[in-house]
Amino acid sequence: MTDRLDRDALARRVAADIPDGAYVNLGIGAPTLVADHLPPGSEVILHTENGMLGMGPAPAPGHVDPDLINAGKLAVTELPGAAYFHHADSFGMMRGGHLDLCILGAFQVSQTGDLANWSTGAPDAIPAVGGAMDLAIGAKDVYVMTDLMTKGGESKLVAACTYPLTGVGCVTRVYTDRAVFDVTPEGFAVRELFGTTTLDELRELTGLALTVVVEAATPEES
Amino acid sequence: MTDRLDRDALARRVAADIPDGAYVNLGIGAPTLVADHLPPGSEVILHTENGMLGMGPAPAPGHVDPDLINAGKLAVTELPGAAYFHHADSFGMMRGGHLDLCILGAFQVSQTGDLANWSTGAPDAIPAVGGAMDLAIGAKDVYVMTDLMTKGGESKLVAACTYPLTGVGCVTRVYTDRAVFDVTPEGFAVRELFGTTTLDELRELTGLALTVVVEAATPEES
Amino acid sequence: MIDKTVADLREAVAGIRDGATVMVGGFGRAGQPVELIDALIDAGASELTIVSNNAGGGDVGLARLIAEGRVRKVVCSFPRQSDSWHFDRAYREGRLELELVPQGNLAERIRAAGAGIGAFYSPTAVGTPLAEGKEHREIDGRTYLLEHPIRADVALISGLRADRWGNVVYRRTARNFGPIMATAATTTVVQVDEIVPLGSLDPEAIVTPGIFVDRVVAVGNRRWLRDGEFVGGVDLQGEPLAERLDDPAATSTAGGDR
Amino acid sequence: MIDKTVADLREAVAGIRDGATVMVGGFGRAGQPVELIDALIDAGASELTIVSNNAGGGDVGLARLIAEGRVRKVVCSFPRQSDSWHFDRAYREGRLELELVPQGNLAERIRAAGAGIGAFYSPTAVGTPLAEGKEHREIDGRTYLLEHPIRADVALISGLRADRWGNVVYRRTARNFGPIMATAATTTVVQVDEIVPLGSLDPEAIVTPGIFVDRVVAVGNRRWLRDGEFVGGVDLQGEPLAERLDDPAATSTAGGDR
C-alpha cells in the first residue's frame, strides 16, 4: 500500500460520498474524473454551467458534437432527462443554492474554508476567472479535490490563503491524496487517512493543529 | 356629424396610428378594441403580459381554451409565430423597454404625463394594481385611450393628478372621444379634433391652456 | 434512482405546516393548481401566507382556501375580480392582511429568490403610493426602488407533463408564474396531466428542469384536451359548455387584471 | 409585413460603427457566431468593446477580430485558453483593456440590461480581488456586491433556426449566452442554419422571441448535421475528422474555463 491515493482512486473515493439523486457540478480538470466512478445504478445529475443538466460521459470517436460541450469545453453527451437552458438561468440555479454539491480544484484552502483556485497572483499572468467564484458561493456544499502538497512541497491546506481568493468560507470538505478533511469551526478535522499516512505526518506537512472528526456519519450510498 | 367619437371609431383611430411591425400591449377594457381595427395586411404583434407574443382574436364559440387567455382573463387565440414565456421574462420584456407601445385606460392624465389608472383612492376600495405600473414605465410609448370627461363631468386631463399615480411622466399621447393630445414639455398639445369639437371647447372642458401640435408627422401606415 | 412522482394528492401536499408561506401558480384560472389547493384544504394547514398573482375567483381553488379561513396574508398584484367575493369579504372584515405588489415586481422578486439575488432596483412604482417606505436610488439619471426577494416554504404549481426527474413542460399561457415559483420555494410540488417516461420530453423545450422540483403528481387530463390534443367544448373555467348553456352566469367572464 | 431576414452577412452587420460595444455569443466554439464575426471584420469597424465569455481561440472568429487589431476592450470571464494566443499577445503588449467579470455576474448583468433592472446585489466575488471598488451591502446577514447592467449597441448571436419574425431556437449547449445577449443590445443580429416558415417553430419551445431580434441571416447547415439530424464526423471545432486525422494538433482540445 502506498502512502497516497492516485487520481483515479481519489476520484472513486469522492464519488462514493455523492448520494443518489444529487445535483452536482464537477469543476474542470481532476474533478471531472469523479463522473467516471459514480456507483453503478445511482443517478447523480451533473450540471454544467454552460447550460445543461443531465450531462453524460464523453462521446464515442466520430460522435463529437461541437454544440454539446462541458465547462471545460470538452465534448460530452446528453442523458435521457437532460435539459438545456441559457447562462443566466444556469448561474441562477447555482447562485440560488439549488446545486447540492460542487467539486473544485484548489491552489489553497484555508482552515476557515476560504478557497483560492483562480489566480496565483503572478504579475505577468493573464487573469481568468470563469465560473469559479459563482460556483464557490453557489452550491450547498463545496468539496475540493486536490493533492495535499504542491509540486514545490508546500501544503495547500493553510492557516490563511496567500493567493487571491475565489470565495470566503465556502469549502466544506477537502479530498486529498493523503486524507480527507472537513472544514469545521475549529479548523481542519481529519475525516479519513489514506494508506500509511498518520495524523502526525499531516500535522507536520500542513503545519496546522488538525483535529479528528468524531461521529462521522459518512453519507456513503454505494 | 356628432361632436364625439364612439368607442369603436376611437379604437379605429388609435389603430391607424400603430405602425406595421410594432410590438404592442393593449390594456384591458376599451383598449382591447384596438385589436379589432388594425389595418388589414399590417402585422402588429400583440403582447399579453401573462406570457405571450403573437396573440390573436377571440376564439370561435366552443373553441375556448382555458390555458390561452389575455391579461383581462378573456379567451384569445394563437397566431403563427406566437411564443410563450413565463412571467419574469414577460415583464422583463416590458421593463426592459422592448415593447413599442402600450395602450391603457385612465382615470386621470396630467399635463406632465403622469398617469392615474389603478385606484380612485376610495377608502373602502379593495386595492388591485396588476401590471399597470409595470406597463406604464415599460413601453417606449404609452398611449391612453379614454373618454375626455368622466361620467360626473370632470376632465380626465388635469394639471396634476389627484388620484393615486400609476406612473410618473410616462404618457406620451392621449386619444379621447373629442380629440387627440400629445404630452409635450409645454403641457397638452392638441393633435387632432374630432367632429364639431373646437379648441376653445377643449380649453373650457379641461381648464387647461392647450397648445396645438405643429409639424405633426403622424406615422399613419394604413 | 430518482423518482419524484408521488402516488396521490395527499402525499403531494404532506408536511405543509400552519403558518407556512405557500406560492400558488396561475393567472386567474390558467395554471392554477386547483387539485393541489383542494388537497391543501383537506390537509388542514392554516395561518398560511399565500403568494399568488390573484386571490382566487368563484368558490374553488384559492378562493375556497380563503373561504375556509386558512389564509392569514396574501401577497399578490390583483386580488379584486368580479368573482373574488371570498377574498373581498375576508379583507373587508379584517381577517386577511394584503401586500399589494405590482405584477412585474412580484415576478422579478420571485425570480430573484430563486436566483440568489440579494435585492434589485426596479423602476416600477416610482412616484406611486406603492413606493412608500422603499429605498429610492438614482442610477444613470433614473429613479429606482429597492426590491427584495420573495421566498416560500412551498410552491404549488400546475404543469402539463412531467417525468420522474421532475422536468416540467407547461401549456400556453398557463405557464405564467409556475417556472419562477418552482425556483423560489424550499419544496416545489407540481401537478400535471400526465407523467411521461424519462427522456420523452424534448430537452430543448423543458421549461422547469427537475432540479427545482421535489414532488410531481398526476391529476388526469384537462377536460379540453383529448390525448393531448385541444378539443375545446369548455368555458373559461374549464367546465363543459353543454352543462351550462342554460346558466346565464356561464357567459360572464372573469374580471380584468389591471 | 414583418421580415427580419436579411439577404447576406454584409447586410447583417451593416452600421456597426467604430467604438461600438458588441456582444458576441458563444462559450468557446459552441454558439460563437463565426460567420457574423468574419463579416464584421470585413466591414471594417474598429476600436470595439467586445462583451463575450471568452476572448477567442485559434485564428478564427473572435480571435481573428483581436488579431486584426479591431478590439479596444474585452469584457469577459475567461480570456485565457490554450489557444488564445491572439488575445494573450494583445493584452501583454497593452493594446487591449480587460474587464474581468465572474461568469455568473456577467450573465446576470447582461440579463439585467435586457430586463430593465437598474442594478442588483450579487453574492459572487465577495472577499475577492474582483470585489474591489464595488459597493458592499449586508442583506439578511449575507454580504453582496452591487452589480450594474451591461448593455451593447449590437449583439451577434448564433442560433439553429429562425422565422421571419425573428423567433429563434438554439441547439444544445450552443444556447449559452445567446438568449440573454439578444435582450441587451440595441440591435440584435442572429445567424442561423436555416430560416423556416412562420408558424413552424413550436411556440412552447421558442427560446428567443422575435421582439428581441432585429436581423436574421441564414448561413447554411452546421457540418455535423444533415437535414437537421446529428451525423457527427467532426472535431470540437466542427472541422471534418477525416481531413485532420494526420494533424496531431487536431486531437488537442481547447483549454478549460475556470
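To keep things simple, chains are lettered A, B, C and D as they appear, and every chain counts its residues starting from 1.
The rule is simple: a contact is a pair of C-beta atoms (placed from the backbone, for glycine too) under 8 Å apart; a residue touches a chain by one contact, two chains touch by 3 or more.
As the structure is a prediction and not an experimental result, all values here were calculated from the model.
Chemist: Hop across touching chains from chain A and tell me the fewest hops that reach chain C.
Modeler: The distance in steps between these two chains is 1.
Chemist: Between B-D and B-C, name the chain pair that shares the greater number of C-beta pairs in contact.
Modeler: B-C
Chemist: Round to the nearest whole Å and give the separation of the Cα centres of chain B and chain D.
Modeler: That pair's centroid distance is 37 Å.
Chemist: What's the distance between the Cα centroids of chain A and chain B, rounded to whole Å?
Modeler: Chain centres of chain A and chain B, defined by C-alpha means, are spaced 55 Å apart.
Chemist: Between chain B and chain C, what is the separation of their C-alpha centroids in Å?
Modeler: 28
Chemist: Any chance you could list the residues of chain D touching two or more other chains?
Modeler: Residues 108, 111, 115-117, 122-123, 170-172, 203-204, 207.
Chemist: Listing for chain B: what residues touch at least two other chains?
Modeler: Chain B, residues with two or more chain partners: 78, 84-85, 88, 91-92, 94-95, 138.
Chemist: Select the category (line, ring, star, complete, other) that matches the graph of chains linked by touching.
Modeler: Drawn as a graph, the chains match no named shape, so other.
Chemist: Kindly provide every pair of chains that touch.
Modeler: A-C, A-D, B-C, B-D, C-D
Chemist: Applying the document's contact rule, which stretches of chain D touch chain A when the two form their complex?
Modeler: My answer: residues 27-31, 53, 77-81, 87-88, 91-92, 98, 100-108, 110-111, 122-130, 170-180, 207, 222, 224, 230, 232-238, 241, 253-258.
Chemist: Report the residues of chain C in contact with chain D in the complex, numbered from low to high.
Modeler: 108, 112, 115-123, 137, 139-140, 142, 144, 148, 169-172, 202-205, 207
Chemist: Considering the complex alone, what residue numbers of chain B touch chain C?
Modeler: By the definition above, chain B touches chain C via 27-29, 48-52, 59, 62-75, 78, 84-88, 90-92, 94-95, 104, 114, 117-119, 124, 126-135, 137-138, 164-168.
Chemist: Where on chain B is chain D touching in the complex?
Modeler: Per the touch definition, chain B meets chain D at residues 20-21, 23, 41, 43, 45, 47, 53-54, 78, 80-85, 88, 91-99, 138.
Chemist: Going by the contact rule set out above, which residues of chain C touch chain A in the complex?
Modeler: So the residues of chain C touching chain A come out as 1-2, 111, 113-117, 163-165, 167, 183, 198-199, 203-204, 206, 209-212.
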